[in-house]
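Each of the next two complexes has subunit A plus one other chain: subunit B in the first, subunit C in the second.
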Partner chain A sequence: MRREIPFIITLVVGLVFLLAPLTAGNIPLVGQPFSFITATYFSPWTTIVAAFATGLASVNLLRIHANSISRKRAGWYNSVALVFALAFFFVYRTAVELLPANKALAAGYANYFNNILSPLSAAMFAVLAFYIASASYRAFRARSLEATVLLVAAVLVMIGAAPIGAEIWDQFPVIQRWLLAVPNMVGQRSIIIGAAIGGFATSLRILLGLERGHLGGE
Partner chain B sequence: MNISMDIWTWVMALCILSIMSFLYKENPVYRLAEHVFVGCTAGHFLGVAVGNIHRFGWVPLNTKGDYHLIIPLLLGVMLYARFIKGYAWVSRWPIAYIVGNGVGLSLYSNLWTSGFQQARATMINILAKRPDGTIWLGRSLNNTIIVLGLMAILAYFIFSIPQRGPVRRVSQAGRWLMMITFGVSFGNVVAGRLNLLIAQLSNLLGKWLGVI
Partner chain C sequence: MNKLLNVDRRIIYVILVIALAFPLIRPLGIPLLVNDSTTAVHAIIEGLDPATDVVLLSFDYGPSSAGDIHPQATAIVNHLTKRGIKWVGVAFWADGPMMADLLIADLEAQGGKYGTDFVNLGFMTGGENAIRSFAVDALVIPTDIRGNKTADLPVMQGIKDMNDFGFVFEFASGTPGYEAFIRQAVDPMGVKFAAGVVTVSVTGAMPFYNSGQLKGLLQGLRGAAEYELLIGIPGDGAAAMDASSLGHLVIVGFILVGNFAYFFSKKKK
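And then the complex of A and B:
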């Protein structure tokens, strides 16, 4: 019961999504095609369940930091700031979502979003640029021919994308564009094809019940 | 120098400087900003999620009488059963639903768009010709790299035959092509991050301090 029902849910939902693009006729007794079932029922259902799953992640985060505050672990005051920031943004954003006609509320939220969340996020990723550069120096020091190929491709792309590249040699942007359009495209395409085949094989295993990790192990 | 007197610009500058302070060393101001960032992001997306539940679940259920929406609302609530001792297994039902979604899409739609369509796009004529009928050498070379390169990379991932002899040489060529791809991706990421850095410095020096 605890394992069979979830397996049946996966099987039924998986089969409906699989058959939706493959069949056009109505399902006997239901009187509607599979594509109607996915578009009318399963797609909005997925949006709703995914939204609940987002909440689950936040509840986990809150549990960890509430624990840190209650036990007064090192840096517990940071956890207080996190919980406060989470609660504030959650309440404010929820109010904006539930009262879409209130333009003043949305404008007020935009101030917090544009001047707190957005710069924090952009600065965090900008800072990572320095660490990517230093980490790559350590990782890619041309130790082998393959590492050299990677390094040269990266340098050519960076120089070609920067305005100074064209000033040094007008062919740098041409080389950058060729690298992006030909070798990079081939690599990306191969990876996409490989991932699709891998996804197909894993999905088939799940649908046949050979893979049950999502049901809690085995 | 024309320092801004806008409180929000000061808040923005404080946020950027707090995060940038990590470049000097790990410090309490950075730690605080990092936690605030995580909290704000989680709170924002949680609010958006509530909005989605309201918009796609609660409103149609109450106004249009779409009673089938009770099912995903119930499944969503069941996700939280994992926090109740003895009832954690209940949360497997909504997870099974989400996995079923992904499985169904992967089996046909993803394989079709990401697998077959990409493979079909590679099935091109290696010999490219100009409108006047003469062979276009540059484009033919590109087409050759595209067709043979794809086969070489895929050969690298074939594990059902031993990687020796000619197969090894072909897969070696595939490895080099992959290295170029990873190099290009890496270069793009660094260039993107540097763009963000320039934008933040421009905010500090322009909007806040007014020196540029």
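And then the complex of A and C:
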């Protein structure tokens, strides 16, 4: 039964979601359409499950890093920083949520967020610019015909996207927009439609019980 | 030629820092052309009726992508404020409410009334499912970020689902993002929707703009700068455009020099 019950739940929920946008009439004996069932019951449930998943992930993260600290593994002090930050923001934010009328508490939280977390996150993202610059010099080479096409397209899109591109040659933005609107769109749509068909096929396999990875099997 | 091929990466970093810092200290004033996808967003907001229309803004970004997205949010909120249009903020990213609060603090300092002119409903967990839940029942979030009952807020009066908003705009930096809105609200419910995305997501968003599922699109920091130009309120986007231009030029220069060195070293061999 450990396999059959999760499979039946998957099948029933999957069919309800599949039928919800395809049917409009009421379900016999239930007296409500499938769309009502998904909106009223399943969507809130998935939100609750997602909330639990976030909690589970936090506990798992805490367990792994507490283990790393207790065994003094290489870089254990980074784990101390992570556990401290996790606990600090968890306790502080919980207090803010429980005491919404306390404006000083909320302002203090915003202060930590805006003046510690924001600059650190922005700095991490900004560092990417240096890696891109270095990679563009070392790795972006016209080694083959395909690589050359990619390189030329990338250079044209970059110049066309920057305001200075139009100052150098007024056709750069025109070429950039064409590259985005035609070849890019064709490629992106192919990928999106291909992935959607692949997703549908995988979903069908799960619904029919051919794919059982989520049940813990092979 | 070998020296050019194996240039110290620190030299590359220094050149990039100079290229980015110089225009921030001494702006060059490079003119900016406005994309039609930006004009489309501006036209939608211009067409809204301040007496009846309420806009939904979904703050789905955090500090890491704020450099690209926050100037967009500032420009859109400035436009809504300028036109006297009420807005509701929601977030399907955990950091989103904090980003919205930065804008709300400025608006309150200027005399805007929280709860009447704008509100921050906070974060709703669940990703794409949460978007669907909110789309079919806008009161599914029981209280706003300050603990006020959502159903009692003046700005929420008459709003039951996402279709009751005159316009929905998402500041998107990843998943869940504009594609989830399109799947859960735009296609099944016919919600009027546009998005602002990080620069790297522009290529992915273009097919949805061209198909009309996105009624408008702000393209990264440049989109913010273009919007600031359209509403006549310069901000962080316009200020960073010269640096962006020189940064792009330097990277293109690196690609060309790197390839030049590669070909000549190959010829020698």
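Here is the rule we go by: the second predicted complex is superposed on the first by the 199 of 218 C-alpha atoms of A that agree within 3 Å, B and C clash if a C-alpha of one lies under 4 Å from a C-alpha of the other, contacts with A are read in each partner's own complex, and residues count from 1 in each chain.
Keep this in mind: a residue touches a chain if its C-beta (ideal position, glycine included) is under 8 Å from a C-beta of that chain, and two chains touch if they have at least 3 such contacts.
Computed from a predicted structure; not experimentally measured.
Contacts of A:A162 after superposition on the shared chain: both subunit B and subunit C are touched.
Of the two partner chains placed by the overlay, only subunit C lies in contact with A:A101; subunit B stays clear of it.
In the superposition on chain A, contact of A:A122 is made with both subunit B and subunit C.
In the superposed model, A:I197 makes contact with subunit B only, not with subunit C. By the touch criterion defined above, A:M185 reaches both subunit B and subunit C. By the touch criterion defined above, A:A39 lies against subunit C but remains apart from subunit B after alignment on the C-alpha atoms of chain A. After overlaying the two complexes on the shared chain, residue contacts for A:A66 are found with neither subunit B nor subunit C.
In the overlay built on the shared chain, the residue A:Y137 is in contact with subunit C alone; subunit B does not reach it. Look at A:V174: by the touch rule set out above, it reaches neither subunit B nor subunit C. Within subunit A, the residues touched by subunit B in the first complex and by subunit C in the second are 21, 44, 46-47, 50-51, 54, 113-114, 117, 119-122, 124-126, 129-130, 132-133, 136, 151, 154-155, 158, 161-162, 180-181, 184-185, 188-189, 192. On the subunit B side of its complex with subunit A, the touching residues are 8-9, 11-12, 15-16, 18-20, 22-23, 31-57, 60, 68-69, 71-73, 75-77, 79-80, 82-83, 89, 92-115, 118-119, 121-122, 142, 145-146, 149-150, 153-154, 157, 174-191, 193-194, 196-197, 199-200, 203. Residue ranges on subunit C touching subunit A, taken from their complex, read 7, 9, 12-13, 15-16, 20, 30-33, 35, 62-67, 98, 101-102, 124-127, 129-130, 132-133, 136-137, 140, 143, 145-147, 188, 199, 202-204, 206-207, 210, 219, 222, 241-242, 244-252, 254-259, 262-263. Touching subunit C in their complex are the following residues of subunit A: 21, 39, 43-44, 46-47, 50-51, 54, 100-101, 110, 113-114, 117-122, 124-126, 129-130, 132-134, 136-138, 140-142, 151, 154-155, 158-159, 161-167, 173, 177, 180-181, 184-185, 188-189, 192. Those residues of subunit A that touch subunit B in the shared complex are 2-3, 5-7, 9-18, 20-22, 41-42, 44-59, 61, 75, 77-79, 81-94, 96-98, 111, 113-117, 119-130, 132-133, 136, 145-147, 149-158, 161-162, 178-197, 199-200, 202-204, 206-207, 214-216.
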